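Presented sequentially are two complexes of subunit A, the first with subunit B as partner and the second with subunit C.
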Partner chain A sequence: MKLLIVDDSNIIRSRIARLAGDSRMPPCQIVGLAKNGSEALGLFTQSKPDVVTMDLTMPEMDGIQCIEAIVALDPNVLILVVSALSDKATAIRALMKGAQGFLYKPFTDEQLIGALKELVA
Partner chain B sequence: MAQDSQRFLGKYREIVLAVGFFLVFDLAVLVLNFYTSYQIAEDAVSINLAGRQRMLSQRMTKALLTLEADSTQGRPTETARAELKKTVGLFDGTLGGFRSGGTAVGGDEKPVALNAVKTDRGRQVLDDAYSIWVPYQQVLEPVLASPAVEPEKLAAAVQYARANNLKLLGLMNDLTTDIEQEASAKAQKLRLVQTLGIVLALLNFGFILFRFIRKLQESDRQIEQAQKETQEILTTAKEGLFLLDSQRRLGSQFSSSLPHVLRREIVAGAEFFPILQQMVPAATFDAARDYIDLLFGNRVKEGLVASLNPLSEVEVKVVDELGSSRSHFLAFQFNRVVADQQITHLLVTVQDVTERVNLTAQLAEAKGQAKIELEILLRLLSTDQAVLARFLGTMEQSLKHINAQFKSAAETGGEDLRQIVNHAFRAIHALKGESAALGLEMFETLAHEFEKDLVGVREKKVIEGDDLVKLTVRLNEFFERYTMVKNIIDRIAHTGQTSGSASVAAQFLDSMRKLADRIATSQEKQVQLSAELAGLDKLPEEVSGKVRNIAFQMLRNAITHGIEPPQERASAAKPAGGTVFIACKELGGGQFEFVLRDDGRGLVPERLRAAMVKSGRYSEAQVRALDDQQVVMKIFEPGFSTATRVDMDAGHGMGMDVVRDKIRALGGHLHLTSRPNQFTEFTIRFASELATAHGVA
Partner chain C sequence: MSMSDITEQEIKVFLDAVDTYFSQITRERAAVRAAYLADGDHLPQTYDFTGLIAVSGQYRGCLYFSAPAVMLRHLLLVMEEPSHSDENFLDAVGEIANTLAGNSRKHFGETMAISVPVTMKGAPERIKSSVRARPYVIMVSWKKYNASLVVDIERND
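What follows is the complex of A and B.
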């Protein structure tokens, strides 16, 4: 699968990227790392990933807007929201825009791998 | 698809097979019927022709006799001969047909198929008939060959005919009987086969019926069993269980405990959202509705959204019959029910988790308590033991004094309760200040809570004995903590820990800095403390203690009321951080001077007037009647405050009156100077020996 990682934190981006290469993960190719929604949208159009991990609180274009735009481009894309947001209502709104799953930050390696596996299952 | 059909066959295989057999039996009987009826038709032809042979044998004899009579009487013989010829040909052809099969001429002169006779008896009859017929044919041949019949030959033929006529008739009769019997045997066989086929078909039908009824009964029993089990689950489950359909309605069945868990009546088929709306806050309800919509949609992965369930632990308020509201905690769990890859329902599980939530809260509280005790220990270890001992001594005295006053008030009831409460307030407020200065948060918080209660009582129009009882509870709490700390101190003392060697002045400055930092941080202000405290070390301990006490209180007031927040200072072109200067100087002749100066907003009479009116204790007119000096002096009255909020450090309208009392106790004189938006400076002059005289200037 082709993976696009969207998060304004460099640490989270590189951690997800590292875990994407884990042996427990299904074969995965990272096609882009974006630090905000508008960057993500650009990379999405270029590289057409199958799976996107999406932060919600980001500068320029936030996660919810970005999900809406991405799903409009490709309704079959799988999106995992990865957020530290404690407000469930906002997270639910993100899912209503078309994401399939949610993972709380901070997460363990096993949690992220498990969530991505379930997402593509 | 193939799997589906296999599953279908698996369930109904027996019935399908039975119906198959039924059809095969019926078809077999039908085919047999066709075949036999065809045979019967053939047999009928045979019987008919066999019957005709009887008649032909007689007609042959009659024609021969007629020929003889015509011949002897000289009449023409053509008609009789033609008749004889026709009859002989018909008889011979038919007999041949019976012997070896083939076609014969039927009753309507048309050829018909004739089967060879196969029965032993029939063959025997035919053999017998041929043994008569072959010679018969030979004697007839000359008669039929020539129209001019020789009389001898005709006589021989007539004689043969007379001799064998009845025998041939009898044989043809036997043939007819044999064929009839054969046909009858066949018909019997057919009936037997038909009966057997029908019996088999009936048996099969009975089997189908039996199996079908058995199957129905079995599935009915299973359904009944399943319903019974479902019912048992629903009646015994402690959790509220129900199915939510895609119309967001409750299913027809739900667990008996559901109404109890939800604390309301539940009707099967009721709409779920209106029920939920009554139970939870609007925001939670909205989120829950969206969440349920998400689960009914097939886009999200159930396992990846469970953490977002807004009802995973929700507080629900219920008003009981007496009108009092009680809250409990419910945990809702939603699971998709999928049939044919469609989400048909959500299985909803509701648990009352009040006990668990309370337990968690208690655990957290216990943890908090343990943390406080650890903090106490660490704080006590880092505080100068002599200072601490003095502080605890003061506290013990104050608490005991308050206790004695409360007690005597309760017993005699004669004393002025308001005065007692005011006194208690001052004492507790002072303890709070000292606790803060020493960084003993465990006493500071407690004192603050006590203070709030005292304010509550003081603000009542009439103070009653009962109010004091409530305050006694707080007092006991204070005593308990005092005792706990005292015990710890004693134990530390036993382990031989001694205080450091820092001077009184240095320790005091350290305490003042800590207090200034804490107050400034909590009020989002910036304060710097500068000090010249050489004089403090020259004072006897008793006097020094009182001075320090006053200093703590005044520092608290200076930061809270004097120093402005950074923005206010910036707009007044002042540095963002305020400065408080403290000094203790020896003036000579046993006289000392303590100074505390802040570069804050100063004492502005107009602002003080506004605060006085706002407090409700003075009318507009009363305030206007006072001159500026008098207004400023009001800050030393009990209950005066300009603070806009109540917190640990300000707002109870108590502070400067405590200072005034303490200055009196020190026998000192206070001098106050201030300039609006520039500074406020308090100067206290006092003697190193405690004097009886006191006053405020």
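What follows is the complex of A and C.
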């Protein structure tokens, strides 16, 4: 699968990228790392990923706006939200905009791998 | 519009968030000392790097997480992050502050809007101007290091 990682934290982008190469993961090619929604949209158009991990609280364009824009471009893309926002309303909004999964920060390695495997199963 | 401080019971939401953060990320719990209202004449100590989140919407104020470089270096090591640059230390305190604020919305709900993190090196005056005289202070000890979480949030009644 082709994976696009979207998060305003360099540490989180780096951690997800490292885990994407874990042996427990399905074969995975990272096609882009974006630090906000605007950057993600550009990379999405260029690289056409199958899966996107999406933070929500980001500068310039937030994750909810970005999900909406990405799903408009490709309704079949799989989006896993990875966010600290732990209220139910936000999770429901993200899912209604087109995300298929929601993983709360802070997450363990096992939780991220499990969530991505479940998403692509 | 009248304002009221969040309660001591609600401060427990942040204590729990700190506990969850260190347990999940490092598999080693942090010791979290009881929250107290800082003395108005002495704002709580800030460490080498600080991440601040502004709160708006139905709530107003901010919270910030401040930690020494040596603690952040150890934390990045545990997270298998190879780059221990100032840039990543700033990123770490910002991400921790964002995570603690975001997790608190499980209790406060989406009407507590939170900003993207503002990160700072040193102990800038900006922090003093962001915080009222008597915020809640939560002291965090992980391994042999100390850090602080300062919560200064009031509710629009």
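One rule holds in what follows: the second predicted complex is superposed on the first by the 121 of 121 C-alpha atoms of A that agree within 3 Å, B and C clash if a C-alpha of one lies under 4 Å from a C-alpha of the other, contacts with A are read in each partner's own complex, and residues count from 1 in each chain.
Going forward, contacts are C-beta pairs under 8 Å (C-beta built on N, C-alpha and C of every residue); 3 or more make two chains touch, one makes a residue touch a chain.
These numbers come from a predicted model, not from an experiment.
Q: For A:Leu119, decide between first (touching subunit B), second (touching subunit C), both and neither.
A: first
Q: Have a look at where A:Pro27 lands relative to subunit B and subunit C in the superposition and call it first, second, both or neither.
A: In the superposed model, A:Pro27 contacts neither subunit B nor subunit C.
Q: With the two complexes superposed on chain A, say which partner A:Asn10 touches: subunit B (first), subunit C (second), both, or neither.
A: After superposing on A, A:Asn10 lies in contact with subunit C but is clear of subunit B.
Q: Does subunit B (first) or subunit C (second) touch A:Pro59, or do both, or does neither?
A: A:Pro59 contacts subunit C only, not subunit B.
Q: Looking at A:Pro106, would you say it contacts subunit B, subunit C, both, or neither? Reply first, second, both or neither.
A: Touch partner of A:Pro106: subunit C, not subunit B.
Q: Can A:Ala89 be said to touch subunit B (first), subunit C (second), both, or neither?
A: A:Ala89 contacts both subunit B and subunit C.
Q: Which positions of subunit A sit in both the subunit B and the subunit C interface?
A: Correct list for subunit A: 89, 104.
Q: Where on subunit B does subunit A make contact in their complex?
A: Contacts found on subunit B: 283, 286-287, 290-291, 293-294, 299-301, 303-305, 307-310.
Q: Spell out the part of subunit A that touches subunit C in their complex, as residue ranges.
A: Those residues of subunit A that touch subunit C are 8-12, 14-15, 18, 57-59, 83-87, 89-90, 104-108.
Q: Okay, in this complex, where on subunit A does subunit B touch?
A: 80, 88-89, 91-93, 95-96, 98-104, 115, 118-119, 121
Q: For subunit C, which residues are in contact with subunit A within the complex?
A: Result: residues 20-21, 24-25, 76, 79-81, 83, 87-88, 91-92, 94-95, 98-106, 108-110, 114-116 of subunit C touch subunit A.
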